[in-house]
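Below is one structure, written out as structure tokens, with a few remarks after it.
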Amino acid sequence: MLNQVIFLVFGMISLALLLNLWRLLIGPSLPDRILALDTMFINSIALIILYGLLMGSPLYFEAALLIAMLGFVSTVAVCKFLLRGDIIE
Amino acid sequence: MSHLIIAPILLPILTAILIMLPPIHYSPMRRRWVSMVSTVILLILTGCLLWQTQTDGIAFYALGNWQPPYGIILVADIFSVSMVCLTSFLALGAICYGSAGEDEKGSFFHPLFQFQLMGINGAFLTGDLFNLFVFFEVLLIASYGLLVHAGGKNKTKAAVHYVVLNLAGSAVFLFSLGILYGTLGTLNIADMAVQVAKLPPENLMLVKSGGLLLLIVFALKAALLPLQFWLPATYSAASPPVAALFAVMTKIGIYALLRVYTTIFGEQAGPLAGIASDWLWPLGLATIMLGAIGVLASQDLRKLVANLVIISVGTLVTLVAIENSAATSAVMYYTIHSTLVCGALFLLADVIGAQRGKAGDRLVPGRRMAQPALLGTLFMVAAVTVAGLPPLSGFVGKLMILQAAGTPSQQLLLWTIVLISSLMVLIGLSRAGSVLFWRVSGNEAGPERVLPLQAFALTWLLLAAPLMVVFAGPLTELSFAAAEQMRDIQTSITIILGDAASVGEQP
Amino acid sequence: MESLLAGCIGFLTACGVFLLLRGRTFPVVVGLTMLAYAVNLFLFSSGRLTLQGAAVLGTTEHYADPLPQALVLTAIVIGFAMTAYLVILAIRARADLGNDHVDGKLPGNQMSRKESR
Amino acid sequence: MRVTPRFSWLPTPYRSVLLLLVWLLLNQSIEVVHLFFGTILALVIPWISAKFRDPQPLIERPFLALRYILRVFGDIVTANAQVAILILGPQRKLNPAFVRIPLDLQHDLPITILASTVSMTPGTVSADVYPCHDTEPDAKEITQRWLLIHVLNLEDEAELIATIKSRYEAPLKEIFQC
Amino acid sequence: MQNWIEWAVAFFLLLGGSFVLIGSIGLTRMPDFFMRLHGPTKATTLGMGGILLGSIFYFSLQQSVSVNELLITIFLLITAPISAHML
Amino acid sequence: MTLLWILLLPLLGTLVPLLTANWRRSACAMATAIPPAFALMILLYHASAVFAGESLRYSLAWIPLLGLDISIRLDGLAFLFSLLILGIGLLIILYARYYLSEQDSMPRFYAYLMLFMTAMMGIVLSNNILQLWFFWELTSISSFLLISYWWHKSEARRGARMALTVTGAGGLCLLAALLLLGQVTGSYDLDVILASGAVIQQHSWYPLILVLFLLGCFTKSAQFPFHFWLPNAMAAPTPVSAYLHSATMVKAGIFLLARFYPAMAGTDLWFLLVSLTGLTTLLVGAYLALFKHDLKGLLAYSTISHLGLITLLFGMGTDLAAVAGVFHIINHATFKASLFMAAGIIDHESGSRDMRKLNGLWHFMPITATLAMVAAAAMAGVPLLNGFLSKEMFFVETLQQHLLGSLSWIIPVLATIAGIFSVAYSMRFIHDVFFNGKPKGLTKTPHEPPRYMRMPVEVLVVLCILVGVAPGYIVGDLLHAASLAVLGTDVPEYSLAIWHGFNVALLMSIVALAGGALIYVNRKHLFDFQNTLPGVDAITTFEAAMKLLAKRCQQIYGWLDNGSLQRYLVFLLMAIVVLAGLPLLQLDTLFGGRPELPVDAVNAAGAAMLLISAFATVVFHRQRVVALLMISVVGLMVSIAFTRFSAPDLALTQLSVEVVTIILLMLALFFLPHKTPKQSSPTRVIRDIGLASMVGVVIGSISYAIMTRPFNTISDYFLANSKTGGGGTNVVNVILVDFRGFDTFGEIAVLGIASLGIFKLLTRIPVFKPSSDGEGRPWALERHPVLLATVSQSLLPLALMVSVFIFFRGHNLPGGGFIAGLVTAVALILQYIAHGVEWVKSRMNVEYQRVVAVGLMVALVTGVASWVFGKPFLTSWFDYFDIPILGKIELASAIAFDAGVYITVVGSTLLILASLGKMTTSHRPVHTEGI
């Protein structure tokens, strides 16, 4: 039973990712795209966690953790670029 | 096992690190002297290593004590060690020249220079294909840094081309590594030779495409037609001591070609034996001609020298394509000769340019030189050497090349091309020399003089030309020994992988 | 699965190559990055594909080939260093030469409308 | 309010506790060895990174803080439910708007927490805090700061402002005693 | 007992998955930028929470209690609003 | 051994003038003369033996592997030439002492001269043909130096370069010929080669060898059509001409003909080529000589014609002809050298060499005039002078040959005609210079030269007379020995009598004398006729040819290399397609039999996203920020793929590198245009698409072929030994820090070097700060948003904690120093972003390059530490310790190494990003080393 559920959720998240990608492609504004990318990062955390579940191994946890920690930084960098052009000043 | 084998890699990086740290970091003088002294030590150590290799034969150094084929090994045979010696000899000249003031025209000259030495020596010594990739990257990234030393539009422009091309080249290298590992299941060059020998037929063609991709990588490094276009701009733009050191970089490509195609794809490789030669032979000859044309086309001395480098590359590649010991030994002697003289010429072009005022090293009438006798003599020596005329080292190289030719048809082609090209070089050099030294306008010379360190560097490099003739006997014997050793794959494999491994049996 | 991955590798390579052949430094950088992805996947795939076989002893019974992974790791790091250098070089070239064309000069037809800085 | 820590060797006690917790979470065990190293790290790391911390008001009422957190969690759940409905429901009924909220808080940390909370909770996203230090040359003299929030579906502005101030800002003032 | 946990896992996973999906739908569907902002910032937080809880339960049923997924939640709670705010 | 000294002494002689440079001129000249004088003595000491028909040998191994030995052979021919070279050389030294003016650098001249002398001696003495070539080329070089001695004169420069080019080309042909000879005979030893004439002449390569060989000789000896360089070499100081162009250099080719006579001569081809070339040269030279107004020009062409004469003699192939040739070598050397010196004296004392100006010098310099006239008479072949004898022999030989079958009578006729002309120009040399009225427009009034300047001429003229009067006594033995050496076998009967009775040859001589007189008297008409002919100036033609060559080369080069990176890349990529693609064509099936893994929907979706985002990157590549977002999706998908295919370490690394790269590119984009203008033409785009897809197809298929093939690898060893040998369960990490730690060592070196290089690039960069972004919106005012600032502060300790965790678990679980380092670096960069440089610098003022150095040092020291235990570099060590309360703890050297990695990564990443970030601030990176 659980596996079916996992695959179902897999499907949901993949769909979500595809929707994000769609937003990323159509934009229209740059902030839209950045938001979409940020969301993709977060959703991919879910994806990785699910992989972990599927393979029943906790080895992939760090990957998720890293995305949670660093994905945010890259988003911030892009936002800063949008706001100021100069990221470090 | 003797740690001497790894010294040529560790000493430079240690020096580089020390130069970056206090207290040495603070004063230019300290940086210079540490760099120079360390290079002298390096030269001595490599000399000892050569002696040891000559007496004890092939030796390998298993890093982390992980035995081949599992661990990375460094292999010291006469050829590789001689190349390392050559590098440190050249480096000493270049560093001394640089220490005359060029080094302060930008940051981190000496560290980058030492890192580059580390990379070059590593590339010569390693016996592992992926490790070769790593050392290629080390020497490349260092060369990127050195290329832009002292700044300037030309340097930047040349650097962009150089870097992009080499990044593409690295990608190709990784592709071919992937193919070779995916089919042979190993990375150790000797072990690859063994695996190739017992390769199942359905994998032959894959291995072939992998092996030929390597050809692209090394041809790019060696500046073989049609991948040589980056060289003239890069070498003529680079700061003189850097250009002098670069003179050995193309030779690494040649060395890699030789190493890979004589070992992995040697006679034992059955259907894959000598897959590269069909390409190397014509391309090499074409490269020679192109270089000769370039020599006559050059508008300034640096470009001319760069094209001389290209000629030497073409010659060496052609020799690599002739798969016999005579040719291989010719490769060794000619490599040493051409590297040193081209390095010297790059330095010479700089001092000449400096004394000719705003004419620089362009082949146009210019200001009278302050030291025409000194520079003229040095130029004459260099020119005679590089043109392959007696009484300097070039002619020995030329004799070895002409005697190395294999079949009569090869011989005819090779001789024609080599002789014609050397005539063109003779014409080009006599033209350049007479314009630079004899077509003087005005009588007053400028204030520039050759500094002691520069003079030392020039003489140091040019001294090799006569010495290589005087000691041509032992040198040729050494190179023949090196060639024999390199071509005797079975022995080296037995030394590296033990008696069990053999390239004899077929599946 | 193999065919799928191979297809992706091929496509990434093609995209990378196409961008590599553009005239300006930035697309070239992007192209090389893309090519690097392709290369890494290629090198990785030379160890064959394995599901649920992370090469951590005691976590599974059949392990993926760890060697290509290690090689790719090295390749990634080196690739990063190289890309970084190229990017800065691009900046330097733009500053020195006044444009961001890979040849340092805009092709003839463009000379007229030279980019403003 | 208090800015300077009680002990110099322990600049941020709550942060250290958090770090120890994180370490144990990471290692997923409470063995002695992990406790040992965790404690060391939990003491050393704040001490190292102390320089990178502008003086901020310290938590005075930990239990209040705990309650606040729980409340926010609850709100998040409800907020998500509501937003989900709004998203899936027809859009023309929505009435998005920007709202400025005058702040009693003056310090960065509490304001940050408030803003984050607002972003997490029903139909609101905090967009900007102004005036900021850069626009005002003499940043110290800022008396009144505003929080600009975007509301997905605004019914009554005044009520919304009141809720936020009472439900979130007030407890924060309590916690930090400012 | 076992069964009970399995149900919980399934429930949380489904909950999380659907919220993630809803958030992304919002991102796609909403007419203007600031409205799109709402979807991800919230839905994803809860969605992630759900999935992480699911995984916590799952691994607890696999081996000893596993709670380190909480960390991810902490990070997300700290960082998610910032990205929203910066935009 | 003494033989070697004959060669070594002149070599040492090159140093003498340089060492004695600041002595008095005479002293310097004297000192310079000593070594060759000694050499001459040694030579003469061997005379008796040589005349007895012996040939003395000495040999010394030099480069045995190439068959190049120092090998000397002193036989009659060598003796004869050595005598000429040393003897005339000494006279030249004396002569030059007075000829050279104060401002000419005499030491330089003498040094070149001695070098040349050495080279010539080397040629004539060598018994190894490679050694012979060695010295042959040396003559080209040293003659280049001598001819260009007055380099400020353009004709000197040009003449020298022309001579070098022609003789150099010849030298290369000769080299080829000699190497082929060596291959044919299996030895480069002259003795062997001379002994195996039959073998050579039967060999199929003989024609090729002969042609190349003769090209070498003829270029050197200025034989038609390669004669043109010689007259232009007259720009050299007269001593040089006197030496090179009478006795030595030009005779080198002749010497070679004589030397290889036994090996090469005797075939029809030889006859044809050599004799006809000689004949043509003889005629052309004799004819043109008459019309030269320049004294030296006249002598130059007469030299050409006499060389032709000798060549013709050797071409005839009869033994007697050879003897005559040898004899004429001697005679020509003597009278031509003296004539050149006389001409030099005239030039020196009257300031001109133009025979239209020079007239009636008899009144000014009677003695010199007499000497010159005698020598000229010898040249003309007047009886009782040496020239007469050899010319007689020549005429006799022309009468006895049958080269052209029934037309053979033409040769003596032409010979006579040539004789006529040589008489004519000799008469002109005498009459037009010393008589024929008064000098016209000379700058100074001519007078006799200094006593010792004339002496060399006197000596040579006396020799001419003596030989002419009593040939047998003077040159008999010498000639015999030389001829013996040339012929190898026994010398035929010949008499050196002055009077052979009244015969056809004598008649020919008389005709020549009479006809010459006649022609000279009516030279007016001939000159007019000659002036109507179009005159070709060799030098301008040559220069034009050289210029054209250079121009063509430039065209070819420019056409090949247009300086466009795209073209270079296209070559590279085509190479990939060809070299990697062709083998695939021979691969019958890609699929290798290894079963494929099943594809599920999720992977399909992932692949789809990968492809879409990659494609989008290409599509949006002109809007750079968007392209950046797209490619980071690609990166994300790649790392997810890594997770999917059981490579957690890769996923972690890819992710963290991803983030750093994005920050880097964002930083960079500030300094670059945000949009790429549309540039490529459609055709170019199509070409690129085509090329790209070809490369993609090749790579894709290869990767599929590999993935579906079974294979066995060394990796099993790593899996087996990771725990026991490396002390870690995460095999990937153990490979990185232990099995292949050396790669990682190089890898962090690369990272460190890159950061240094980047710092270097950023110093002294001319920067600029765009006031608005691509769309032209002004930047927001808020520098550091409050929320970001606060959160980033609280995030830092967490990040540090996590990186410590990742670092330590790396050895046994995914993670490790590299990833930990990147996490730390990113956390710190976040501080820069959130608070700015000023804020961070005030809290953490570190020079990151030091950090890099320290990191590398840690790794290096860890590696070297294993030497202490007598183990190779980077040998790992680990052990488990039981600590009371804490329990079992593992310590491993790998951890120290990984620490080095960690530090290096942090240092490099910060050095790269921070330096770039600081560009817009007051803390821009500058070259501060030279403190």
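Just so it is clear, A, B, C, D, E and F label the chains in written order, and each chain counts residues from 1 on its own.
Please note the rule applied: a residue touches a chain if its C-beta (ideal position, glycine included) is under 8 Å from a C-beta of that chain, and two chains touch if they have at least 3 such contacts.
Small disclaimer: the values here were computed from a predicted structure and weren't measured.
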Practice task
Can you give the shortest number of steps from subunit A to subunit F, where adjacent chains in the path must touch?
Solution key: 1
Problem - For subunit E, the least number of touch steps when starting out from subunit C - result: 2
Problem - Third chains touching both subunit F and subunit E - result: A, D
Problem - Chain at maximum distance from subunit A, centres defined as averaged CA atoms - result: F
Fill in the blank from the handout: Relative to subunit E, largest Cα-centroid distance belongs to chain F
Problem - Interchain centroid distance [CA atoms averaged], subunit A/subunit E, Å - result: 12
Handout entry: Whole-Å gap separating subunit B and subunit F, where each centre is the average of the chain's CA atoms
Key = 16
Handout entry: Cα-centroid distance, subunit C relative to subunit F, in whole angstrom
Key = 40
Handout entry: For subunit F, residues contacting two or more additional chains
Key = 563, 565, 569, 573, 628, 644, 648, 669, 699, 703, 706-707, 711, 713-715, 718, 739-740, 743, 747, 750, 753-754, 757, 761, 782-783, 785, 787-788, 791, 794-795, 798, 802, 813-814, 916
Handout entry: Two or more partner chains touched - positions in subunit E
Key = 23, 25, 37, 66, 68, 71, 75, 78-82, 85-86
Handout entry: Touching two or more other chains - residues of subunit A
Key = 15, 17, 34, 59, 65, 69, 76, 80, 83
Handout entry: Each pair of chains that touches, named by its two labels
Key = A-C, A-E, A-F, B-C, B-F, C-F, D-E, D-F, E-F
Exercise for the section: Sort out for me which residues of subunit B touch subunit F in the complex. Expected result: 1, 3, 6, 10, 13-14, 17, 20-22, 25-28, 31, 61-66, 69-72, 104, 106-108, 111-112, 115, 118, 122, 130-131, 134-135, 137-138, 141-142, 144-145, 148-149, 151, 160-161, 164-165, 168-169, 172, 175, 178-179, 181-183, 185-187, 191, 202-203, 205-206, 208-210, 212-213, 215-216, 219-220, 226-227, 229-230, 232-233, 279, 290, 293-294, 296-297, 384, 389-391, 395-396, 398-400, 402-403, 415, 419, 422-423, 426-427, 430-431, 434, 437-439, 472-473, 476-477, 480
Problem - List of subunit C residues in touch with subunit F within their complex - result: 1-15, 17-27, 29-30, 33-34, 37-38, 40-42, 44-58, 63-67, 69-74, 76-78, 80-85, 87-92, 94-96, 100, 102-103, 107, 110, 115, 117
Problem - subunit B - residues contacting subunit C, complex - result: 130, 134, 137, 141, 144, 148, 151-153, 156-157, 159-161, 163-164, 167-168, 170-171, 174-175, 177-179, 181-182, 187
Exercise for the section: Going by the contact rule at the top, pick out the subunit A residues touching subunit E in the complex. Expected result: 1-2, 5-6, 8-9, 12-13, 15-17, 19-20, 22-23, 29, 31-32, 34-36, 38-39, 42-43, 45-46, 49-50, 52-53, 56, 58, 61, 64-65, 68-69, 72, 75-76, 79-80, 83
Handout entry: subunit D-facing residues of subunit F, complex
Key = 781-787, 789-791, 793-794, 796-798, 800-802, 804-805, 831, 840, 843-844, 885-887, 889
